[in-house]
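Sharing a structure below in structure tokens format, with a few things to ask.
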Amino acid sequence: MKTFLTLVLASSLVAAAGAKQIKLLNVSYDPTRELYQEYNAAFAKYWKAKTGDDVVISESHGGSGKQAQSVINGLEADVVTLALAYDIDAIAQRAKLLPADWQKRLPDNSTPYTSTIVFLVRKGNPKHIQDWDDLVKPGVSVVTPNPKTSGGARWTFLAAWAYALEKNNHDEARARDFAARLYKNVPVLDSGARGSTITFVQHEVGDVLLAWENEAHLARKEFGADKFEIVTPSLSILAEPPVAVVDKTARRHGNEIVAQAYLEYLYSEQGQEIAAKNFYRPRNEKIAARYAANFAQLKLVTVDGEFGGWQKAQRKFFGDDGIFDRIYQP
Amino acid sequence: MKSAATPNVVSGVRHRSPTAESPFVRWLLIGGALLFLGLFLVVPLLAVFAQAFAKGPGFYFKTLADPQSLSAIKLTLLTAGIAVPMNCVFGLAAAWAITKFTFPGRNILTTLMDLPFSVSPVIAGLVYVLVFGAQGWFGPWLNAHDLRIIYAVPGLVLATTFVTFPFVARELIPLMQAQGRADEEAARALGAGGWQTFWRVTLPAIKWGLLYGVILCNARAMGEFGAVSVVSNNTQGQNTVTLQIETLYKDFNLTGAFALATVLTFLALITIALKAWIERKETTLKL
Amino acid sequence: MLRLRQRGVLPGFRLTLGCALLYLSLIVLIPLAAAFVKASELSPWQFWHDLTTPRALAAFRLSFGAAFLAALANLFFGLLVAWVLARYQFWGKRVMDALVDLPFALPTLVAGITLATLFAQNGWIGRWLAPLGIKVVYTQLGVFVALLFIGLPFVVRTVQPVLEDLDLELEEAAASLGANRRQTFRRVILPSVRPALLTGFALAFARGVGEYGSVIFISSNLPGKTEIVPLLIVTKLEQFDYAGATAIAVVMLLASFALLLLINLFQWRSSRYHARI
């Protein structure tokens, strides 16, 4: 029984008999479609110039948790580019396809670009939403995905939590109360970031969408900058969507070198520029300065600094009977 | 359907038949039914096309000609092209065993064969992951032999086969039961071989029912979403039509999603037209 | 060995039964058994705990409740449509008759995005309901609407042939005995279609309980409020909770099996009429 992948590979091999053709699968999360479409073309060009080989990159997109699950269950990803480290940790732990210390292998915690959580509001900001406090007011309807399934939503929850802690002198009980009031204002809990954006933008539900910064920009680009405004809160979280080579799979495909190069090229100036153009915050300072206008300055906390890493945060907040389960009352 | 006109269409006659309603009640009922059907069937149908052409025919045809749409259509054809014939052959075999012979457990077998009809499609996908997933029963073995089922075409085919499993058999069993086995036994007595009996006697008698089952099976196979979404790899160019529609929908491309949806809507319309045609054919044959 | 009755002269019993059993086992039974094996990894206490979380209970209540109510509504609408199609002549009848099968032939995903668009606050139907304060999309009502759509053909197609074959002489006799039309309907017609109605109801219900594609787009998927069981299963899968997902799946499987037995029982009883679905 042959897989579709090998069928495609076989047929394309026949087509381009001369140069070596490499087939790479990048398993990613929902909002990165546009980013990787552009990046893949750029990398293929770079790799062709460097080695003479053709590389064809397929992308798979879905909720970050679901994608990790698929890889654990056998989806043959050469590289994964997911929404949060916890999901790649799960691949390392459950399927043992890459070492547990994978995050140390590439610079900057293996996150070539970062993002944060911002607010997208309707034109004119009719509910005068400026900061997290405004979200818990009665009568404000907040759209955000389900933290149990969506990576973006987990970053959102932690951002709100960090804000509440800072505001209340690190009083956990008050933060809990704040989170409970916030999620009381959520009428729709989609399973992924993209679903929430569609709910807010297309079905016109809610006053504010808590979204990835890149997703908020993309929504404005797709549906008209005159319809929505981006509000940057005073404090948010430094969201680090990490990337990793799935060693065992890449090795079996003979793709180790190209997979590694694929991720390293994300750190190059060209890669950083493509990320910035797609509204991801680049790590490279030169590029960041060039695109500074797109990225508002705000206080950003990190999951490692504030929450002691993803393993801890996941267990405490999003596990079964974790804080989210306790505070969320539908 | 079976009988065309019932004899109470004599309106305008003062003394109406005792088995007919007053014109007022009649029109009220017809009006109510038409309103309901219009709202629930016609309007959604129109909405699909209105949404699909919201950005003009140019965009519509561009979406359909997109390589990803085309590869989705190809994959859907491939999936249904494997699942439907398999279910057809085994549906026939099962119907033959169940209706031409008596054996203990026949009713249980019939019920088990119907099971996929009422099992949630999501569960259909889930169980295949449990069996063939990397962490599942055969995962390590499949992995060692470099075979892919889940997140590859075989998984899509299996999930589709599961969901459409009962359609052919469900159609054939009552039909063949009603026909009994006298004809086949007569053919055998006259010296016909087993296959000959099947081809010359049984098949002609059930051909319309078989076709009926096949088109329903096919419609469901090409339109299945829940089961295939669980075993799909969400990779561009490796989506079935339904999965590609979902992808377009998620990519903020509502018009594109509906454009591709018209392909399946046409399929649905062809299916119900064929179904109506076969039903009429069967009626005329019986009369 | 099974002791089989005299099987007459027809050939192929072993071959066809063997093929059917093998195929059934490979495609359906063994995979379904995997669900039971996986669920048995849970301790009974854990199994019970997974099933009785408020979230799971709410999902069960919604899936079964909405499917029940939608099937109930379809009893009414289905009988109305079947009656009109079986008894009256009117312009466009043939088209309407064929269209009844649309919810069955149309992929559930297409139905889902279409209904969600139609009933959205700015949609063709939703904009007329919004001023009345009726919200369909993202509410439990939305789940009901989707299941109403999905279930319609089941009731119509089981009841319609019975109505068409109903002996008019019975109704004439009732009328000549002095029954008015309403009495005839209640005392003569309704009892004869009751088995078919029950079958149609059970079919629509069985289908509605497991429905996924058409519901998830029109529902807000809010845990505890508008989350259906199949979605809960998907969610649990996405949270790496395989055992939990399977525990719920097993309960759904048992429910499907029980429903099917019930439906087949109805159909064996009134075996003259077979639902063409």
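Letters A, B and C mark the chains in the order given here, with residues in each chain numbered from 1 onward.
Note that a residue touches a chain if its C-beta (ideal position, glycine included) is under 8 Å from a C-beta of that chain, and two chains touch if they have at least 3 such contacts.
These numbers come from a predicted model, not from an experiment.
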{"item": "Which of A-B and B-C has more C-beta pairs touching across its chains", "value": "B-C"}
{"item": "Far-end chain from chain B, centres as C-alpha averages", "value": "A"}
{"item": "Euclidean distance of C-alpha centroids - chain A vs chain B, Å", "value": "38"}
{"item": "Gap in Å, rounded to a whole number, between the CA centres of chain C and chain B", "value": "15"}
{"item": "Residue list for chain A, restricted to those that touch at least two other chains", "value": "72, 94, 202"}
{"item": "Set of chain C residues in contact with two or more other chains", "value": "231, 234, 237"}
{"item": "Multi-chain contact sites of chain B, meaning residues that touch two or more partners", "value": "129, 135-136, 249, 254"}
{"item": "Touching residues (chain side chain C, partner chain B) in the complex", "value": "2, 4-5, 7-13, 15-17, 19-21, 23-24, 27-32, 34-35, 38, 77, 80-81, 83-90, 92, 94, 96-111, 113-115, 117-118, 124-125, 148-149, 152, 160-161, 164-165, 168, 171-172, 175-176, 181, 184, 206-207, 209-213, 229-231, 233-234, 237, 242, 245-246, 249, 252-253, 256-257, 259-261, 263-264, 268, 271, 274, 276"}
{"item": "Footprint of chain A on chain C - complex, ascending", "value": "55, 58, 116, 120-122, 137-138, 220-225, 231, 234-235, 237-241"}
{"item": "Residue ranges of chain B touching chain C (in the complex, touch as defined)", "value": "1-3, 5-9, 18-19, 21-22, 25-26, 29-30, 32-34, 36-37, 39-45, 47-48, 51, 86, 90, 93-94, 96-98, 100-104, 107, 109-124, 126-131, 135-137, 158, 161-162, 165, 171, 174, 181, 184-185, 188-189, 194, 197-198, 212, 216, 219, 222-226, 230, 242, 245-246, 249, 254, 257-258, 261, 264-265, 267-269, 271-273, 275-276"}
{"item": "Complex contact set, residues of chain A against chain B", "value": "1, 3-5, 7-8, 25, 30, 33, 58-62, 67, 70, 72-76, 94-95, 192, 194-195, 197-198, 201-202, 219, 222-223, 252"}
{"item": "Footprint of chain C on chain A - complex, ascending", "value": "63, 65-66, 68-69, 72, 90, 94, 146, 148-149, 186-191, 199, 202-205, 320, 328-330"}
